[in-house]
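Provided herewith is a single structure, encoded as structure tokens, for subsequent inquiry.
Per-chain numbering from 1; labels A, B, C and D assigned in written order.
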Amino acid sequence: MNSFGRLFRVTIFGESHGDSVGVSIDGCPAGLPLSAEDLLPDLERRKGGMQKGTTPRKEDDLPLFKSGLFNGHATGAPMTILFENNNTRSADYEKQRAVPRPGHADFVAHKKFRGFEDYRGGGHFSGRLTVALVAAGAVAKKLLSAAVSAGSEPGGIAVRAAITEIGGEKDTEKGLQKAIEAKDSVGGIVECRVSGLPAGLGEPFFDSVESVLSHAVFSIPAVRAIEFGTGFAAASMFGSDHNDAIVNDEGETRTNHAGGVVGGITNGNELVFRIAIKPTSSTPREQQTLNWESGKIEAFSVKGRHDLCIALRVPVVLEAVTAIVLADLMLLERRIVPAAG
Amino acid sequence: MNSFGRLFRVTIFGESHGDSVGVSIDGCPAGLPLSAEDLLPDLERRKGGMQKGTTPRKEDDLPLFKSGLFNGHATGAPMTILFENNNTRSADYEKQRAVPRPGHADFVAHKKFRGFEDYRGGGHFSGRLTVALVAAGAVAKKLLSAAVSAGSEPGGIAVRAAITEIGGEKDTEKGLQKAIEAKDSVGGIVECRVSGLPAGLGEPFFDSVESVLSHAVFSIPAVRAIEFGTGFAAASMFGSDHNDAIVNDEGETRTNHAGGVVGGITNGNELVFRIAIKPTSSTPREQQTLNWESGKIEAFSVKGRHDLCIALRVPVVLEAVTAIVLADLMLLERRIVPAAG
Amino acid sequence: MNSFGRLFRVTIFGESHGDSVGVSIDGCPAGLPLSAEDLLPDLERRKGGMQKGTTPRKEDDLPLFKSGLFNGHATGAPMTILFENNNTRSADYEKQRAVPRPGHADFVAHKKFRGFEDYRGGGHFSGRLTVALVAAGAVAKKLLSAAVSAGSEPGGIAVRAAITEIGGEKDTEKGLQKAIEAKDSVGGIVECRVSGLPAGLGEPFFDSVESVLSHAVFSIPAVRAIEFGTGFAAASMFGSDHNDAIVNDEGETRTNHAGGVVGGITNGNELVFRIAIKPTSSTPREQQTLNWESGKIEAFSVKGRHDLCIALRVPVVLEAVTAIVLADLMLLERRIVPAAG
Amino acid sequence: MNSFGRLFRVTIFGESHGDSVGVSIDGCPAGLPLSAEDLLPDLERRKGGMQKGTTPRKEDDLPLFKSGLFNGHATGAPMTILFENNNTRSADYEKQRAVPRPGHADFVAHKKFRGFEDYRGGGHFSGRLTVALVAAGAVAKKLLSAAVSAGSEPGGIAVRAAITEIGGEKDTEKGLQKAIEAKDSVGGIVECRVSGLPAGLGEPFFDSVESVLSHAVFSIPAVRAIEFGTGFAAASMFGSDHNDAIVNDEGETRTNHAGGVVGGITNGNELVFRIAIKPTSSTPREQQTLNWESGKIEAFSVKGRHDLCIALRVPVVLEAVTAIVLADLMLLERRIVPAAG
């Protein structure tokens, strides 16, 4: 299903070269002050614009509110936001129909949807749909900040993601430069930190904070791994080193190896997790793949310009899905106070 | 919520020192041949029995079928399986009520459930509940194998998990020995491989295979990270190295960096993922924690015997949740053929 | 939530005087042949056009496919269909802001959404949204008929609803005439019959066929009651009269007091149920209501032209939600065979 | 699925002649004071004991709490309650295997579960499972009353159901007497009234109060119809008669034809609805049915003693499912305040 969330439920739709992509948000509390302008900064960040290593499609990405917004506030009814696709050239894809691009979903989509999939530019699998995620994320961020202004979390909930590594280099410019020189695409690591969360979000077992966050995070294309707190490094540690000593009534801990989650529940410390992004599948280098019509392996070259490092575009998307998850958890724990009428 | 799955839905309940723990499985197709004996091997593996580094509670772990089983077959109605708790001594926990054990859920449970939680032995957060997961997993495995015998997957679906590292050592005996010598607990890495899966399982975005698998996997206590295929290593790779070239109509790839999932959908290759298990929170070493009655930090020592390396117990649990997820995905894609009446 | 269905999930959104109303359908199997033309007959029926007693808003009701449709077939990805609102005059509603119309949702919407609701023309509560239901229903009908042509139900599944009573008169023209003469609105009864259903749809208890059908049916504005088979009359009958004797292996029964559902499961006979529609809340007669600003009861008259008998518009909507429910049940029971690729 | 509810989720399981029947409640707020004694009055009412026209199985119906209860309060973890089946004689059912009882689920269960169903005494379809509903309902009632004592609803929420008609007679004793004399079973009507509800529960369209209530209500065996407020009678009324004039700020209306629900949302007035119960399928009169082994129609007589009028047992079950629905809606609207820790 293309929906996520229990009380703040996000449904996405659209294809890369179809009429439009969009999102429907069900459960946004009535009274949240909101306008298209609130979405623009994150939509702009997603485009990557001037960023080295990104080659954005020239889309306006103007959010069109089709429902759920009235007089500058959420109405409480489903909020549908549409983005038109203006900048699409599909002819190339028609020609390449029988040649699944390595690393892309072309082959699996063909198997799963038996040839009826919209194959142009990845269709529904396209990274183009992250514009819908970012829009919903901006609404969720607004909601988290409304929770704050309503006094429930004095310090404020802040969701911040950033690239920490490209191509194995912590100096990300260096990692990117390596890829440019190699005329190849490259992967990276993105870290997300959330401050201001109350203790008590999440559930034991199936709806642990890690469960719902990772569920949402793996909906971002190209994510291959996620780790919380010390993550994989924890596997090499002794317990006396890994355990975080609680030092006060608020649950503050001396260290934060847990990354803010214990037993699947937030413990009031900073939430910290990292994700691995694979190299952009569309690399400038020639590759080999099957032509399913001829049944032969053939050389394959990506046409047009593509991001060398898709990880550069991910932070704002990661913030978005994180905010969506947290808005849902905050509503479930009744930590978001609806604004006065 | 304590439920997981759309068509094969598993609900778990119980507390470590309560009357019992159990699981209710809704959606198991009528006609699946099943008996308590089918569950015993995995239940036995979970106990860890003779394994160095594990100290199992002496529970019989006898599965009591309360519903859904009749004349040796699943009826199609909900199947509830109960495990009685026989071997509980709660007095210690009463004494330690105000002293949350570092790394355990004691503190967050207290915050979340406002003092009403069953705090004895971790209550509902206890690893004891993995017995319910393992039982449901054994049913799911039976279902996956029924799919096979019904002819849908000639080669057979096999789910296999194993420890690949303890305390940073690929020679796991060595890693465990280090912990024994340090009188400390230690973490580890568990890898899961699934062969025989068809291409086409999973959905784009929110219900990607990685999304639903990681959702379920993080319900296992002590899991801190998950990676698919090359995982975190992908972040350092070039695209031309990472992309897996498709070599035939079945979607077989020359390499398997993707770990069997592309675009959130299985591609017919082996499914491969790894998880990081933190060191057992209950370490023999003295630690510090808050006493929330006195408001003071105090020294804390774990009473009784505990697993030094909880990762040793995880493989069978990881297989279980993986099988549960895959049974659900196979049913959603109509790849499981109900047995004849 | 504004969604319905497990495998064929329908999400509706929009407001009467907002930008548009629409529907997103998730789970429509790839390969279903479909075009806007397939929706037009039911959309036309819903308008009521020339029908006596109805006064349709002059909307084009042109379905705009925003996603999920490609080359004349469903892609398997979410299908979003939009209807623009062209014919809206909102000024009247602004003036009447503090005067909740009797029988309408104005008052409860104000309570629930604390003044932030879009109050123009009923906002999200408006019957205007039934255009979205009818669109989704037309897709569901197409799917049910695809099931048939794939050979699973040789006789064909046909969903037919019709008015059987207006204002207590089985001669509906007479009932309508009474209302016209009384210058008042009037209620009616609509019956739905579905032939061609296989036995075995539905679940015991919570997801009985009656449960899911009534759930969907009560989403139609103005529905006040539903009865299956003999319905309320069954309460006066003896068991030996009410029980339907099974006469052959197919489960055919001599009588059909059960209306095609026994124990919550379809039994292969015709599915029959009736619903009661209340009189249109907007009656030409003067009424009294509260002015919540003045705190006084005042006389209230409906402006503009409205349907005298909203029941006249209901049959196509009832067919729509019925088809949506049945498409979902047929998918759940694997009775819909996806078309070949 | 055998679950109902979004935040207060009830899962039932068990078979008439199996080991036990039971219920798992997920989402009961921590801190609710509760004991087995709280359930006994409703469990006793359900048995019907001394009531004319009922012939209860002699079951102890002792609720066994398997989880979720600790020191006299709900813990916040799933609460599982089991009822053992002691009084089962299955031999008769074995003999009658090929003879589906008219009006019962025997035939459809056989079709749906392809012969693997537990057919003894109706198996999972049995009215025996209403004991699980009644147990969950008693917990829900406690929760509704806790909401009250926490001050949210000063007047108190009271759910009351009663028989209003048997065999078409408002003098129910007379209706029952008719059945006794006719040596036949007979149907009836049950009405439910809920006072003390706040305005604003429910959602527009799919999750209207009527939708979720009817969904739950049709899970009660033998229910054939439901009507809210004036219900079917509304179909014969004029709008000026049916509309309820709002008389004050609280939304109180002069009349209550709406039965407390407008636009799918509670309006603060008394919630009123009625259901039709078919005559008990097991009538003392000889009937005809198919023998699916011989392929012949044969005479069929019910063995043993059965309720003449199952409607007599329904009120407490109707209260239970109503309370379950309302507990869920109150939690969704944050109208239930958790007790202090």
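The rule is simple: a contact is a pair of C-beta atoms (placed from the backbone, for glycine too) under 8 Å apart; a residue touches a chain by one contact, two chains touch by 3 or more.
This structure is a prediction, so every number in the text was calculated from the model and none was measured.
Ranking B-D and B-C by contacting C-beta pairs places B-D first. Relative to the C-alpha centre of subunit B, the farthest chain centre belongs to C. Centre-to-centre separation between subunit C and subunit D, using Cα means, comes to 26 Å. Distance between subunit B and subunit D, defined via averaged C-alpha coordinates, is recorded as 37 Å.
Note: centroid distance subunit B to subunit C, computed from Cα atoms, is 44 Å.
Residues of subunit D in contact with at least two other chains: 1-3, 12, 77, 112, 124, 204.
Within the complex, the subunit C residues that touch subunit D are 1-4, 12, 100, 102-105, 107-109, 111-112, 124-125, 129, 165, 167-168, 179, 182, 184-189, 199-200, 203-208, 210-212, 214-216, 218-219, 221, 223-249, 251, 257-259, 262-268, 276-283, 285, 287-290, 292, 295, 297, 311. In the complex of the two chains, the subunit B residues touching subunit C come out as 6-7, 77, 204, 332, 334.
By the touch rule above, subunit A contacts subunit C in their complex via residues 1-3, 9, 11-15, 18-22, 24, 26-27, 30-31, 64-68, 70-71, 73-80, 82, 112-118, 123-124, 338, 340-341.
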